[in-house]
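What follows is a pair of complexes built around subunit A, which joins subunit B in one and subunit C in the other.
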Partner chain A sequence: MAKKSLSTAPFLTVASAPHMHCGTSIKGMMSTILLALLPAVIGAVYWYGMEAIRVMALSIATAVIVEALCSKIMEKEVRVDDYHAVVTGLLFAFILPAGAEWWLVVSGSAVTMVLGKMLWGNFGGAPISAVAVGWAFCIVSWPVYINVDATMLNTTLVNPLTQLRYFGVESVADASMYNLFIGDQLGALGAVQVGALLLGGLILLARRVITWEIPVATIAAVLITGGIYYAIDPEMYANPLFHLFTGSTMLSIFFLLTDFTSTPNTRGGKILFGLMAGFLIILIRTYGQYPDGVLFAVLLANMITPLCDMIKPKPFGAR
Partner chain B sequence: MNKNIFILTHGDTGAFETGSVPFEVRIPLNGHGKKAVKKKAEVYPGLLVADHSNAKIGDMHSGITGVVTEVTEKHVVIKAQELAPAADGEDPKPTGVEPVALAGLEGDELRAALKGLGVDIRPLIRRCDLLVINALNPEPGITYAESMLVHAKSTVNAGLEMLKRLSPASRTVVALPSASTAAFDGTDIAFINPQYPNSLDELVVASITGKESMKGVNVVDLHTLYNLGAVAESGMPLTHTVVCVEGRNIVAPIGTPVGALLKEASIEVADGDSVIMGGPMRGEATGDLNKGIAKDTKAVFVVPAGVFQPVSDHACFSCGACVQHCPSRILPNMISRYVEFNEIDFCRQENIGACIECGLCTFYCPARRPMLQFIRLGKHKIALEEAQVAACALQVDE
Partner chain C sequence: MAMWKEFSKGLWAELPPFRLLLGLCPTLAVTTTAENGFGMGMAVVFVITLSSFIVSLIRKIIPKKVRIACYITVAASLVVSVELLMQAYAYPLYQQLGIFVPLIVVNCLILGRAEAFAGKNPVHLAVADGLGMGIGFTLSLTFLGAVRELFGTGYVFGVEILSGSFEPVEFMIAAPGAFVALGLILAGMNYLSIVKAKRRGEPAPENPSTGCHACRACAGHK
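And then the complex of A and B:
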């Protein structure tokens, strides 16, 4: 044998190519989403006080504990340290009224995690938005307890969507877009912080956690479909901007419709998906039974995700 | 990490350094059946070490003076040392080989001579109409291309002349990074945006011909051209090549252990680091610092432990980063899942064959899934399946 001058040969790590990585991680993406949700959290606390903190904390704690428990029961690695459950719990709290009963928050958050995430296997298995699943469960089971107007009686804020639903368009005709934008409206505690959520969405776009296609397509569809109705009869239908600035629309556009697992991945698919979601939002608001049916629109749009994913560019060499 | 790391132009980094003679060389063999030397044989630069029975695969020669210490199927190890002087009454020992006059040779004679000098001619004589010289740095971090076009221009020109004699192509195009000032007499030039993955052969061809097809096109990279040029210029066997060691371009004997190269570039390797032969995007990690560089080893890199997250078995969560960055416009997220579950037919349906293995999907994957490895595994399984089908078809014919 040759005399080895490299006598203290170190143990090398071998790995498959490529040997570089851009540095993103699930934990990093989730942290960015939490950062993007921070303005809306501040807004919620400003408008609803300690009640909002109570709901958010309870929801997050439940989501984290349920994920850990489920992982244990399913004999899987517990991955709560990627903050994914925190994001889901916080987003679920955002669509609850600040006066929600504790058992509603706990059961809703648990259902969100169990039915929306864990039953589908690893993170990445769920074909539908978990938050919308939890919301659908709650609104079907306890329609009164999740109703914003029924639970928030001691407030001076006005819910523009119920006004529109039960008193017609003239009741919201003088609603100031600026007031709606800064969150001066009654609604789910986080979802109505419209301006803060828009800021958060821009943070997500700037940090490239989400891409522009779904938000832009959804906003376009909301404005176009809403605009068509408004053009038909402004006496009967609300201004399209009103739809954009009320209820859970902004939350859905930037945080629920851009959820990773339940939305398409190709550019064409994303645009079609966004257009579909925006169209459904207006349709449900105009003809639906619920004043704010945005989360049903999210659920329904999730249903066409596999179809949207079939819109893909031709591969290299096939052009 | 920003996109600047993918910029492939580094400017002229100066003339290539000549490395010191390594303590040993471990000449890698690739099916070279006939070993021309035995253990304890004394060798000198240019001496034939191993012969390949295929007429299109180059032979291997020693790059240093020394004694053969090991001969296996995989490599020939030569320990560097001064040879004992010839005993009284014997002829003086040879110290080198005579150059071969390549200028007068044509056709098969030329090919045989080049094969004997260690050139792999198979990739050079491929049937084609258009010959493309890919003169971009192949991968991020590799810096030899621009220096080569300045300081080793005569070698490159000699290689190009020789290549034109060998290749049946009617037209030759040199692909240069945009803003390059290199000129070639009698050869067309095309400019490529020097940003990875544009340096990959398929994308270079697509940029030049406007068609996403390799049909009738042969691509030869600058490193191969340099090796050919070194042989064509001197008529001597191919014993040295240029290797980019963490940005420093060193001319080293073929078979130099990577450990010796890293020592030459004064790079420390600690436990847990990865040593990569080839580029950081497509290269291969080696587990052995004694492994010798091959003729086509373009670079050696060290990735210190802990710089990047290790790959994980995390499930894909469809963030879409790979789809967004894929230059082949396929869906790596779906393909990697199909490979995981051995759904080979779905892989075909998703055009796994269109993948050009740039590695960007793995680079961008936040879940740290080994996407490229999955795709390579899928391609391998498809190839195996097709081979089996072909074998069955042959049996039916009989």
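And then the complex of A and C:
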């Protein structure tokens, strides 16, 4: 009886802390990320047409359905309405070629959700970037079907990274940075919309969904490490800006390396983490087996997150 | 009946790689095909049965302080004989397994059974225990190898199962696939234990795969 009267007329409410909420929610942050990804979606549709829409829609649908199914099986609350599955599915589609087979999109997206998110609990549990997990699974399993050059045969765009890998630095020496910047290059459908992704990253920074440390440190490390190689021998190694504007570098810098759960929390840790990631990107590009190994760099950088989290200010009075 | 009890525990209740989590190195490394898993398992059956037999025979004359060295010596001699036998009669398999045949010496399953069981029990029980553990190990490796081979190539024991439009998931026969497959099998085992416990009306075990009762090495075992 007493309960009933309380709920209808809360005159004096008694509750435990916290009493004030700043208003941010996972749903709100994910909506902002989706907004930030919108320019890149438009760019992808502009350069690759309906094929890009097909891959993105398939990937998002699979991610949402798989997350809902997993939550049911694990007897947990279904929380697909926080849009995290949508963001993950879209980001996974961004690193696929526009001509990817439907089964590759579906199985890759499902693996992204299961191995990258749901097996670790749910949102907030994964120590590694889910998208990079899905990509690594696909590239180890079906190297041909996820290869941009093998799946996109009827296109006039040129893949600068394959050129660099197989024809040496002269073949990309006259590549215009402006063309690379607006997305005039062959690559994964969303990852090469470099300018659009940069705009999206700036939106995220402005809306304070991400902080500046990781993007700035990663860009600095890419430029510095790439610059060192370029200074050693410009005839053998590509321009550092070229590395920044090709492949999945920009996507990783703003959307994968700033993932909430798999990156450090403290300022010093974030800077170290970003430097490590940028350094690895250039190393893998220079010596690796794959033309674009940026997502391996993301996975490896995620491995040092626990170490980076140890760099923290000493609390006052602690010994 | 005591012999049957010691023999059968290795087949399910204390299944070496999936329950005791012993001998994981060969479990992960050589199970790219069902045939490799089976061959590795048979080599281990041979070594572990004879090693349990010999260790149990000489358990009274081994000084307590150097017992580990003695167990390793026994296992090493047996492994060398397995290696020579495989070179003579199963050379392709020997080439497939490579370094993992000599590495049976340091397989923790062999040393674990010698230390935990054969060094304390009479010969007939030790042999039953070693044989059961070895056969359980073989079955587990063959199963894991079959799963990985099926999804990784579409074949099992060289017989085509999945064909047509199936694209082999090469991830499964690569190294990370071994970890993922093993993890999923362990999850399945734990799920089975929980379902069984629920059916018996007991509370679900918090962590069904590990726990003191699985290992007989220390005094914590009832």
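Everything that follows uses one rule, which is that the second predicted complex is superposed on the first by the 302 of 319 C-alpha atoms of A that agree within 3 Å, B and C clash if a C-alpha of one lies under 4 Å from a C-alpha of the other, contacts with A are read in each partner's own complex, and residues count from 1 in each chain.
Just so it is clear, a contact is a pair of C-beta atoms (placed from the backbone, for glycine too) under 8 Å apart; a residue touches a chain by one contact, two chains touch by 3 or more.
What you see is a predicted model, and the numbers here were worked out from it, not measured in a lab.
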Greater residue coverage of subunit A in the superposed arrangement, subunit B or subunit C: B
Touching partner for A:Ser176 - first (subunit B), second (subunit C), both, neither: neither
Which of subunit B and subunit C A:Ala17 touches, first, second, both or neither: first
Partner chain(s) touched by A:Tyr145 [first = subunit B, second = subunit C, both, neither]: second
Contacts of A:Lys312 with subunit B and subunit C, given as first, second, both or neither: first
Touched partner set for A:Leu115, first subunit B, second subunit C, both or neither: second
Interface residues of subunit A shared between complexes with subunit B and subunit C: none
Subunit C contact footprint on subunit A (complex, rising order): 103, 107, 115, 136-137, 140-143, 145
Contact footprint of subunit A on subunit C as seen in their complex: 167-172, 174, 176, 180
Residues of subunit A that touch subunit B when the two form their complex: 1-6, 9-26, 28-29, 121-125, 211, 260-261, 263, 265-267, 270, 309, 312-319
In the complex with subunit A, residue positions of subunit B that touch it: 1, 5, 23-24, 69-70, 77, 79, 140, 202, 206, 212-213, 257, 259-260, 269-276, 278, 280-290, 301, 303, 305, 308-311, 314-321, 323-324, 327-331, 333, 351, 354, 356, 359, 362-368, 370, 372-373, 376
